[in-house]
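The structures come next, written out as structure tokens.
Across the two complexes that follow, chain A remains constant while its partner is chain B and subsequently chain C.
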Partner chain A sequence: MSAILTEKNSIPPPWQESPGLWTLAWRRLLNDRVGVVALVVVVAFISMMLASYAGLIAKNWSKEVGVSYANPVFMAGAENLEARAVTNRDFGTQAAPVDLSDVDPLAPRYKEWDERAAKISVTETRRSETLAFGGDKWGRDVLQKVIKGSEVSIFVGLTAAILATLIGTILGALAGYWGGKVNDFLEWFYNIFTSIPYILLILAFAAVFKKGLDTIIFILAFTGWTGIYRLVRAEYIKHGAREYVKAAQAIGASHMSRMFVHILPNASHVILVQLSQHVVGFIKAEVILSFLGLGVPVDMVSWGTMLAEAQNELVIGKWWQLFAAGASMAVLVTAFSLLTDSLRDALDPKLK
Partner chain B sequence: MTAYVLRRLWQMIPTLAGVILLIFFLFNWVGGDPAQVLAGKISNPEQIANIRKQLGVDEPFWFQLWVFVKQVFTFDFGRSWSTNEEVSRILLTRVGPTLTIMVPVLVIETVLAVLFAIMVAYVRGSLTDRTIMIVCTTAMSISFLVYIIFFQWLFGFKLGIFPVQGWSESFTKNLVTYAPLPIMLAIFVGLAPQLRLYRSFFLEEVNQDYVRTARAKGLPEKKVLLKHVLRNAMIPILTNIGIYLPSVFVGSFLLEVFFSIPGLGREIITAVNRSDFPVIKAVTVYLAMLTMIINLLVDVMYKFVDPRVSFK
Partner chain C sequence: MIDSTPILQVRDLDIRFRINKKEEPFRAVKGISFDIPTNTTVALVGESGSGKSVTAMSILGLLPENAIIAPSSQILYGGRNLAFAPLSDMQRIRGKEISVIFQEPMTSLNPVFPVGDQIGEVLRLHMGLSGRAAKERTIELLNEVGIPDPKLRVRSFPHEMSGGQQQRVMIAMAIACEPKLLIADEPTTALDVTIQKQILDLIASLQEKHHMSVLFITHDLGVVGDIADTVVVMQNGEIQEQGTVSQIFHAPAHPYTKALLACRPRLDRRPKRLPVIDDFMKGDGKPNLEPRTRGLKEGDAVILEVKALTKTFFLKEGLFGKRAVPAVKDVSFRLRKGKTLGLVGESGSGKTTVGLTLMRLHDATSGEVLFEGEDLLKLTDKEMMAYRRRIQIIFQNPYASLNPRNTVGQILVEPMKIHKIGANERERVEMAFALLKRVGLSEASFYKYPHEFSGGQRQRIAIARCLTMKPDVLICDESVSALDVSVQAQVLNLLQDLQDEFGLSYIFISHDLAVVKYISDEVMVMSNGEIVEIADSDEIYLNPKQEYTRKLLSSIPKGLETQAA
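And then the complex of A and B:
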């Protein structure tokens, strides 16, 4: 058996399939240790976001499970003045009831109501003194809030980046491929958008649209396409004159086919790197917009709204919400930036 | 050169027209009926009609566009919808505090970034270089918000070195008392990305032929970097400053919000929250104009940095 095998292997195959750009890029990425770690972290964050969206984890983030500003478990002994203040206010300072039964018109019915109230079973939940990573003002678990917050922040970052890339790619392809009047018109459009400072453009858009998750995605995408447009346009100008495109024209490929079947794959590495870079930028932007109150609505939690709460908490020494939101964002953004760098190296077609 | 500048100014007209159209479209079309915003929740149709007439929203759209164009060129945007203050006065009084913060930031940050970038480029490839780059990448990934919240708490509240927030009438008092903490913060946060960028500019130049020639004729590495590389790297650095310059006037709006500095950035945020359209419209149009002019100035400045550049 083994003899046959070795014999078979000794015959060289007539031709060997050479690996494509994506296979090569994938191999290079796997060889890049930093890139692999970054990829694992990014995938972990995205799975966390999906799990949270599906309701598998952090479903009860809005439940007030702990006392106000519950301590994290690792500092369980620390004094929590805020929680004590709330307890004292509720139960400690109640004055003795004054007997008003002769003037109170509702007095005869109190007994009946008390009986009815007694029939309803009330379970008293005991709020815990400590939570995994501490609690916020209302005693919600900060760890669960961070997970739930990642849902909004990553979702906004990803969708806005995909949308911006789509707009930038299509406009860039049109301008670069057709040139002439189309190019002039789109360049004019580009000049308008870039002559307004970016942050001002975002705020101007934010001023006229209603607040909400879809709005913030739309705003980020509609103001953030310019850089991608410029790069894709340059790629299309470069490739449009290449021989393979001429050859495609000679065999009768339509304009659409040449633009999106022939040239697009050759520009895709630029687009992918831009996409990755924009996700990072948009996650940061979402956090700032939500902080300013221009982002997500109040009934949702995002890293930005958490940081907004954290500002006042720090003064009374409750640092955990700031740390949790800030650190999880920093880890994700670092991983995404490193992944972008690795992608750029891996996808560079000049490297082999 | 005059011909070049004139031609560039001529080319600005369509872009400016586009900016005006975009802003008009956003605020007069998408923005909805301003009368509803102004009249508030308790309003009757009569009141709304009155306000509409006052603002001229019941006129046909081309007439409104004409009014807007006139406003842009006469520098008269009327009064703020929420405070009734004249818009031109708002802009003029708010720009001072913003520049008090942003001009020192721009100058100090650029000098430090160029200096550090040269030093890092000098030891390129070494452990120091790699460590600094990793520190920069990590520092960049932390949100600006976290830095502000933390340092305002640390220096303002815990250590009490600087006032937590505030602003006064006197310029020197502002610069000495209130501005240092925001300025330090902005520099601290802005340094990492700039250092990384400028380092890459220097490294790009280091691989050029003229550097090899300079080394071959026996120049010490320091002289190569400071005399030859620095001058050539100034071109991309200048471009970068040119891109950054217009946003100096918006200021770091986050810093202004946190430290309650009465600057343009905070004014814009307030205007956005109050749907105060005239203020936002004015700021956007004028900053777009300013950006175009700054771009032109930067292009002209290339000539002085790089004698090879000729105006065509």
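And then the complex of A and C:
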């Protein structure tokens, strides 16, 4: 309960601006411990994404700084057969060389070549045996990859989900509130979208638009709004007939006000739950799209591409890339779900 | 008639509810004792929150999880204490020996099964009847509760029946296993007066025929006069008085009983203000019963004139067909300034549609609504805005008519913002505070949400919301029907005070004739969308001209009229 509501004895004098619905909801959210923790986690992820986008962190994610499949620092002693196989350091010492100089026609020139080679200075970068959270096949730092990958994954997941929810909510509100011809038209539009197989629709969009992040977002939002539309429409039909909406009409509230000031907060629980489900769904959808070759280009990294790589690594016991991508996704998704849950409770004054 | 051994004895029943961990459990029933004798009807009367329903549900063991029954409590039935009986015992008793009818028949019946199947299920479960035998017995039962064409109606779905018929089906289900005790929890509150009368008669005749006992729970002392043998009056979890029906009605001992009897509006007198509970419980216990004269006088100014108003709804039929359902047919009337026009009729008579149409919440099919000479139905939406403010409506269900997500403050300030009443936010908030005080709510209410208030308080909020716009005409659409009689009296008094103070004109829509008689100067009776009769309020009650009006009047519960004033 916010401060103002608990002060039953001292009524604040009636000249202050009465706080709005969203202000009160925000106050209730701040009193919910789970909600605040979830909010902090989500904000942390988003700032990480923004920092990475601005080039402040994980700028050099693509540098091959470690040996292949470098061990994470906390298991530095573990054997790394792959790294040794790639560098081939031991081959020369294992068998005594056979003297072939009497049959090798090039033998007289070896000495000359060795001298010339000695003149060229080769600076071999010292590859690190261990990395903060291990390395991938090419020795790239997994931790940096995760941070860089969040840029694509969170950006795609969040924006696409918000866009889809926006489209679904507005169309659903229009159809449910107005009914009649508007509803018929939108239902027809909806039916077209749902009658085409999902993947086929995505392929069709992908074929028309050029490849890139904005295209992925557009595709996901444009194919993902349908479920939200149906649910929001149902809520609007239900609430449109309620007496409080009639009462709002009787006091002269405009259509816009009735749709978005009166009914929307009462349908917000549905919208919020849908939003959180779609964020999860779209982060995963980006993986599928990338797998089909319609997702992010090969020179970029996302949690999806990391998960795809991790499949092969797991067989040879290199679990850290899978863990890093999976854990970040799990933490973000859980925090986001908890946040929307708290937000839903905060918007419902009955549950304070 | 009253047998010596009671069928059910309640002794020191004490029930608490855990609200949350911090607070002390709320004590809903405070150690009450009463008997239900064999073959009698006992009425349990009290306001909302008096603990009457909790008492009834505890007999069946249907209390919610957070209820705590004190160990000393006894509900003795057939030598057993039902308060602590194991679930398996209760399941054998429920429905078979003790059955129950609830308030809302529509939500008590499963909408996806035909009513015959639902009655049949009870018979198969408890009586072990085969499918065919159960069906035959079902038809017998439907016949017994007075459903016409029972052979056809067994296949009807709940939505195909009227509210009264649904309640009859519920009764058929309750008596299917010949129970020894029938608990009726407000079985007529949701029904029209005419239907209420039929259901009360049905319960009384079934009680006599089957020699069962009935525990009849109601907030309205008026309805029990005809059917109860003994009455138990409850308030705040305690029994205030119990006695035979004639004792209670003719010589009530407790002031609370007197108050309950007095606060229901009566046809034979019309005091300036209705007596309320506080009049009896505090002060000298003598309410002021100075009569008020009603009726129209020559030269009363007309504020609203309705001419040939017609509203037709169209239902879809088949793929392209439409069926016209006339809801209001050629209705004309005048509303005088500062007076009240009562609008009476049964459900479906079109009275609510009249109210909504003249506010333009429905579009009229034809006709004129002249407000100070201006036809409201011809105005554009923009021109209508100026008049919107001046005609306001208070809906029936105070639980549904306030937006649950807004504080009372937001609810009150919004209309002032829309109509630019008050120069700034501060002025509006001050006006809202003043109005809250005027309708009898504390200033702290400004910061609360609708769900924190009781039904009567919410109706006060709805009234305050209308008053923010300083309307001239107020349409009260069944505004007190959902309230307890005691709260109803308070709200009616408030409406009357506001009319005296601001000179408001009311259109008062209700199915309760006594309430309409009390508050109205002129009464209009509607049936099937047409006006049956329109006359001065005293005139229509003393000399009803039409058969339909007489039928309505005869169905008012007579319990109170027999009591000496």
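Here is the rule we use: the second predicted complex is superposed on the first by the 218 of 352 C-alpha atoms of A that agree within 3 Å, B and C clash if a C-alpha of one lies under 4 Å from a C-alpha of the other, contacts with A are read in each partner's own complex, and residues count from 1 in each chain.
FYI, a residue touches a chain if its C-beta (ideal position, glycine included) is under 8 Å from a C-beta of that chain, and two chains touch if they have at least 3 such contacts.
Not measured: the values here are computed from a predicted model.
Once the two structures are superposed, chain B and chain C can be ranked by residues of chain A touched, with B on top. With both structures placed on the common chain, the touch criterion links A:266 to chain C but leaves chain B unconnected.
When the two structures are aligned on the shared chain, A:218 is found in touch with neither chain B nor chain C.
Touch criterion met: A:207 reaches chain B, while chain C stays clear of it.
In the superposed model, A:294 makes contact with chain B only, not with chain C. By the touch criterion defined above, A:252 reaches chain C but does not reach chain B. Look at A:138: by the touch rule set out above, it reaches neither chain B nor chain C.
Look at A:21: by the touch rule set out above, it reaches chain C but stays clear of chain B. For chain A in complex with chain C, the touching residues are 4-5, 8, 11, 14-18, 20-21, 24, 242-244, 246-253, 257, 262, 265-266, 347-350. If you check the complex, the residues on chain A that touch chain B are 188-189, 191-193, 195-201, 203-209, 284, 287-288, 291-294, 303-304, 307, 310-311, 314-315, 322, 326, 329-331, 333-334, 337-338.
Here chain B touches chain A in the complex through residues 14-15, 18-19, 22-23, 26-27, 30-32, 137-138, 140-146, 149-150, 153, 157, 246-247, 250, 253-254, 257, 268-269, 271-273, 275, 277, 280, 283-284, 287-288, 291-292, 295, going by the rule given at the top. Within the complex formed with chain A, the residues of chain C that make contact are 356, 359, 361, 385, 388-389, 392-393, 395-397, 400-407, 409-410, 413-415, 418-419, 425-426, 429-430, 432-433, 443-444, 446-449, 451, 462, 465, 469.
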